[in-house]
Structures are given as structure tokens and as C-alpha cells.
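Below are two complexes that have chain A in common, paired first with chain B and then with chain C.
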Partner chain A sequence: MPTPTYIPLQTITLGSAASSVTFASIPQTYRDLVLVVIGRSSYTINGDDNIEVRFNSDSGSNYSRVLALGNTNGTDSNAAGSTRAEFGVFPTSASSNTSFGQVIGNIMDYSATDKHKTILARGNSVPNSSVNMNAARWASTLAITSIEVQTARNLQGASADLVVGTTLSLYGIEA
Partner chain B sequence: MIPLGILAAAGGAVAAGSYDLLATEILTSSESSIEFTSLNSTYGADYQHLQIRTVTRDTRSDTGSNILFRVNGVTTSSYAHHRLYADGSTVNSYSGVSTTSIINGVTASANSTANSFGVSVIDILDPFTTDKNTTVRTLSGTMANATGGNLLVLGSGLFNSTASITSFSILPTSGSFVTGSRFSLYGLKASA
Partner chain C sequence: MQAIETVTVGSGGAASIEFMAVGDIPDTYTDLMILVSFRTTRAYVSDDIDIQINGSAANFSHRLLYGDNGSVGSQTNTYGQAALATGNSGTSNTFGNTEIYIPNYRSSVAKSYSAAGVSENNATNAGQHLTAGLWNVTDPITSITVLGKNGTLMQYSTATLYGILAGSDGTTTVT
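Showing the complex of A and B:
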């Protein structure tokens, strides 16, 4: 029997700039999550920022990722361990950019407790005409109960908030 | 109608019941292939597109492997595929024509870090029409271990036939999918 799914769980639209946004108490009644971020970083020094996430407040070196990036300079791929999971490239406010970009990521089997959590995501950034795809793994079998969203530049200590009007939406998909 | 893939990027406007879970297989023992059958007769009247979401690991002795995809039980040279892929060092592409399956996503394998699985989101566009060949689009990735074996794929595939899809199968390159691997099928309606 078909079951309607892809259920909106929460949407947050920023009325003021924020250094991070957290989805807490995520219900465990779905199998996958989809996180959509439409917005911009306030960082002004470089055209590209990234959306990155941490699960269950884990700031340890328990994340890894592989990405492919294309922009006006060519293509690049790299892989690394990290203290957060990279979601996707995201526009900054450099060169007076006011355009928003979008990052969309699938968090697969987030409620399962027998496997690490793997992300598939895509992003784009207007100032550098960048587009990327990304896979990341959180090396934990814990079910994901919270997601903290920040910009990479902010996590690196720069002034890089999510700007006013940035929208973050979380969906649940049953299986 | 919102095409699959664009659906999520739109960040909303998903009418209730427009995206439905149709079936799920979560393995309780290893399986050498997964098949969804009776698709046209069961879902053809109600759904315009299909989506498959997989979380997989196989028994092949490697850090990562390809996943194969076949339609309607066809094993002849009726497929084509091309993919853009990244391995943590470079971005490359390759293609194949007149192949016996679509080389689709990637999966974690026996030498991947314990408990790690590869994931894929596969869109099958217009699977039930009979006026066009069927195309498949895939975003897939696997993070094998700390030293390598990381793969990321954006791929497309062609079933060189206008036949309506009655079944499809998902196979590892060799070996079996392990216990815990998941294969979920979803449908996107053409209208409410």
C-alpha cells in the first residue's frame, strides 16, 4: 500500500543573522532526512563558503568526506577527515553578491543504529560560479537526534553568519 | 509537475501524497540481487516517475564497488551509461554503450570501514511511457576508510527500449549485498 511521505518536519527562516541553526529532537519515525538550505554566508573575503553540519553535538574527528567541485577555474576533488560533515558549496557576500545559493543533502538511514551515517549533497555558489557534489560519513551508529548547521568559514573562526532570509527546511522520508 | 531531483531542491511545494513510499527491502541475510516486480501493473496508472534510495554494502573484496542496474530482466546489450565521478584526487568521466547493464551507483564493499555503507538516490524518469527510451539518473557515494576508496558519482543511464518498465533489478558487481542493506522504492505522481 503506497504511503505518502517526504514529510516537512520544520522550516526555519532567519529574521536575523545567525552563526548556527539547530534542528533538535528530530523524530525517529523516518528512515532518511533531506535538508535544504537556501541562503548566503555573510563572509566577504572569498566567493565560496560551505554549509557544514554536526550531528548530536559531536565535535570530534568523526567525520570524513569526498567532494567534486567545478567552477570557472576548472574541477577539483579531495577527501579528508574532519570535525564536521561538509554538505555543499554556498555563496558568500563577496563582491556585493546578494544572490542566494542552495544546498540540498540526503542523510540516509539517519535513524538506523547498525551503520554509520552517510550523506549525499549538492551545492552551488554564485560569486565563483561553483557547483559541487559531496558525500560524507559520520562514523557513528547512533541515531541522529539533532543537526547543527553552520558555515565552514564560521567554524574556522571567521565572521560568517547565515544571513537574514536564509531558509533551512528539514524533511523526513519513510522506508 | 515537479521532476524528481528538482522536487527536493524546491524546498517545499510538495503536495500531500505526491511522493509515496511504494516498497522497501531491508536485507536480513545476504542477497545476490534485488528485484522489484509488477511495476507497470501496480503503479503505472498512478505514478509518473520512480525513485530508488539505497544504502548498501557488498561482499566483494575491495574498498568500494559499482552497482549494476537492469530493466525487465533484459541481459542483452541494451543499455548505455556515462558518469562523472570523483575519488578524492581528481574528477573524471567515462561512458559505455551497448552494455549488458547500467553501471549505476557505488557501494561500500568488504574492505570498507566496518559499519560504513554506500548510498544512492536513483531517479527513473517516465518509466511507464511507451514513446521514449527510459533514462536513469543517479547521485551516489561511498566513504570507504581513512586511506582511500572514497567514491562519488553523478551518473546517467539509458535502457534502449520504449517498453514500459515491468521490473528492475539491482546487482553488485560480484558477491552479494550484506545484511542491513536497504532498497526503497518511491513514486512521484503526475497529478493529484
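Showing the complex of A and C:
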């Protein structure tokens, strides 16, 4: 039976706001990866943002996802294709509460070269009372060697950095 | 990821499981994870799992997304809900499973947590919960109590507290 272990690979705590953070040169020696992002988006127009990622700098329409969401408007579930993989809902600077949110995602078989990559992730934006979970796919058989993390609002062209104090940690899971 | 403490309920059951009932949770980790396998005496197929921190059930809020016997919903409340256990009307010998993730448990800001869990049942009316929670207290977390909301924990219920250490700042690139 596989023994799940969180082997810390890289962590960064932002000393200044950043529009994106990239984990590069990811070692290929683990079975799965876990990405944990704790922080907030600087977006000020809406209480929720999302954490989204691109693998190996691929900005093509090679991502898809299905999500389930609960918030003050009720529930929703939908599926869509995209140019990035959605991980989870994330609070913004428009939230009434200044606490951070968290996003946790598992990236399965990231080093495999014979399958598309799948992600299971969940997001937490308590200040705005939102929670969601995503199942995403990157339609590529390339091994994942880098992960770029951004906010959805930033990817849409808005001013939405990851704020000072945001931490991003990448873990390797041994089989 | 290192196992800090595992507690298994003995014959006669228990009202709750408290990690670090004597002493404090070590301050040497970055995040905490709790894996729970619970069955409670509640005469229903499922039961909720709650958490208390530092001996207190106050200052919690959460947003919950649930799927239960074919229906979905979302709700919010002001106690420390985690996710799900199996109740005593569930299939014999089955236990519900829940993961609780608490980042930055030693920080001096409010603590967010996320939880995902299922009530196992080899028939209809199984359930799934996804929870975004907040403990709006700036004290470091030194102890955690896990309990069934409506029933006593039955024999063989078990919970393990893990410590997760973040990695050093390696080849991360901030752009």
C-alpha cells in the first residue's frame, strides 16, 4: 500500500505583492504533488478570486475542469474548458475580514509521460463565505516541470496580485 | 509529514478525541493535518464532525457545501464544523472519513481551515461535505479536540494528527 508523505520541495512567503509565482525545476522523483496556497488576492471589486495554474508555461486551451461551489448565492456546479487549471476560490482585499484563505490541490502522476494530468483541489474563502472543489485536467502527456500560480482576476487582466504574506508550498508525495 | 499523535477510541466509546491533552502541539511544523475515521452513536446514517481549538468552541464560522442522498446544498453557521462521520444507522462496521487541513497554526492571525469528508454507507443516503472554516483567534493552536456533533464516538473510531513542514525557498521564481 502506498505511503503518503508530504516531502517539502519549495516554499515561498511573499515579501512584496506578486502577479505570479513559479515553481521551476520540479524534481521528477515523486508520484504526486500537493500545492498549498495561503493568502489573499489584492482584487478590490469582488470578495472572491480564484487560484489558477499553468503547467510548463502552457497558455493554450488545454485545460478543463468541473467544479462544485457553495456561497451566499447557494450552490452551483459547472464544467468548462480554459487556458489554465482552476484550483479553488480565494479571498480578496474587498473582503470585510482580513484573514487569509487557503487552496489545496493534488496533482496526480505529474511526471508520467503516458497520460493527461489530473488535479483534485479545494478552495476556501471564509471571509466571503465561499467554498468550492475542482476536478481539472491538463491535456498533455508532458511531465510537469514547472507550475505557475496566479489569480484568476490577474489572468483576466485585472489588478489582482497575491498580497504580501501569501505563502505557497509545494510538496512531493511518495508512492 | 509526521504523525504527531494517533488516538483510537476504546470499548465504551468516548465523547471526543483531544490531541495533546497533556502538553502542547509541537511548534516545529508549518501546517497541521488531521485524518479522521469516525462512527458515532447517532441513530442516523451520518453525523457531523466538529472541532474545538485550545479547548474552546467559540469564535468559529464556516461555509459548508454538501451532497446528501442526491440533494445538494450550502449553508453557513458559527461553530467549528469539519465534515462527516458515519452514524449508527449506517452499514455495520463502516466508518466515515474526513480530512482537516489547518495551515499556519502557529501564526498570530486568524486561522482558516478546510475539511472534506464522507459518511460511508453501503446503501442509499451517504453524504459528502466540503467545509471552509475560520477560527477567528490570533493565538497559536496548542490543542485540538475532534468530536461527533450529535453522538458519542464509537469503539474503533480513530484520528491522527500530522505535522507538515514547509520547504525552504529553493528555485522558486517570483515574477
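Before moving on, here are some points about what is shown:
Just so it is clear, the second predicted complex is superposed on the first by the 166 of 175 C-alpha atoms of A that agree within 3 Å, B and C clash if a C-alpha of one lies under 4 Å from a C-alpha of the other, contacts with A are read in each partner's own complex, and residues count from 1 in each chain.
One rule holds for everything that comes next: contacts are C-beta pairs under 8 Å (C-beta built on N, C-alpha and C of every residue); 3 or more make two chains touch, one makes a residue touch a chain.
This is a predicted model, so every value here is computed, not measured.
When both complexes are superposed on chain A, chain B and chain C end up clashing with one another.
Residue contacts after overlaying the shared chain place A:F100 against chain C, while chain B stays out of touching range. Once chain A of one complex is fitted onto chain A of the other, the partner contacts of A:I45 are absent, as it touches neither chain B nor chain C. Of the two partner chains placed around the shared chain by superposition, chain B and chain C are both touched by A:T5.
Of the two partner chains placed around the shared chain by superposition, chain C is the only one that A:S19 touches, whereas chain B remains out of contact. By the touch criterion defined above, A:Y171 lies against chain B and chain C together after alignment on the C-alpha atoms of chain A. Applying the stated contact rule after C-alpha superposition, one finds that A:N78 touches chain B and leaves chain C untouched. In the superposition on chain A, contact of A:A139 is made with chain B only, not with chain C.
Within the superposed three-chain model, A:A68 lies in touch with chain B and with chain C [touch as defined at top]. In the superposition on chain A, A:V126 makes contact with chain C only, not with chain B. Superposing on chain A, the segment of chain B with clashing C-alpha atoms against chain C, chosen from 26-34, 62-70, 152-160 or 170-178, turns out to be 152-160.
With the contact threshold set out at the top, residues 4-6, 8, 11, 36, 38, 68, 70, 75, 77, 102, 104, 122, 133, 167, 169, 171 of chain A are in contact with chain B in one structure and with chain C in the other. Those residues of chain A that touch chain C in the shared complex are 4-6, 8-14, 18-25, 36, 38, 68-72, 74-75, 77, 97-102, 104, 122-127, 129-133, 167-171. Taken in their complex, chain C has these residues touching chain A: 1, 30-31, 61-67, 72-76, 101, 103-104, 109-114, 116, 130-134, 136, 162, 164-175. Within the complex, the chain B residues that touch chain A are 7-9, 11-12, 14, 16-22, 24, 26, 43, 46, 53, 55, 84-91, 113, 115-121, 139-143, 146, 148, 150-152, 154, 180, 182, 184, 186-187. Of all the residues in chain A, the ones that touch chain B in their complex are 2-6, 8, 11, 31-32, 34, 36, 38, 64-68, 70, 75-79, 81, 102, 104, 106, 108-109, 112, 114-116, 118-120, 122, 133-137, 139, 141, 167, 169, 171, 173-175.
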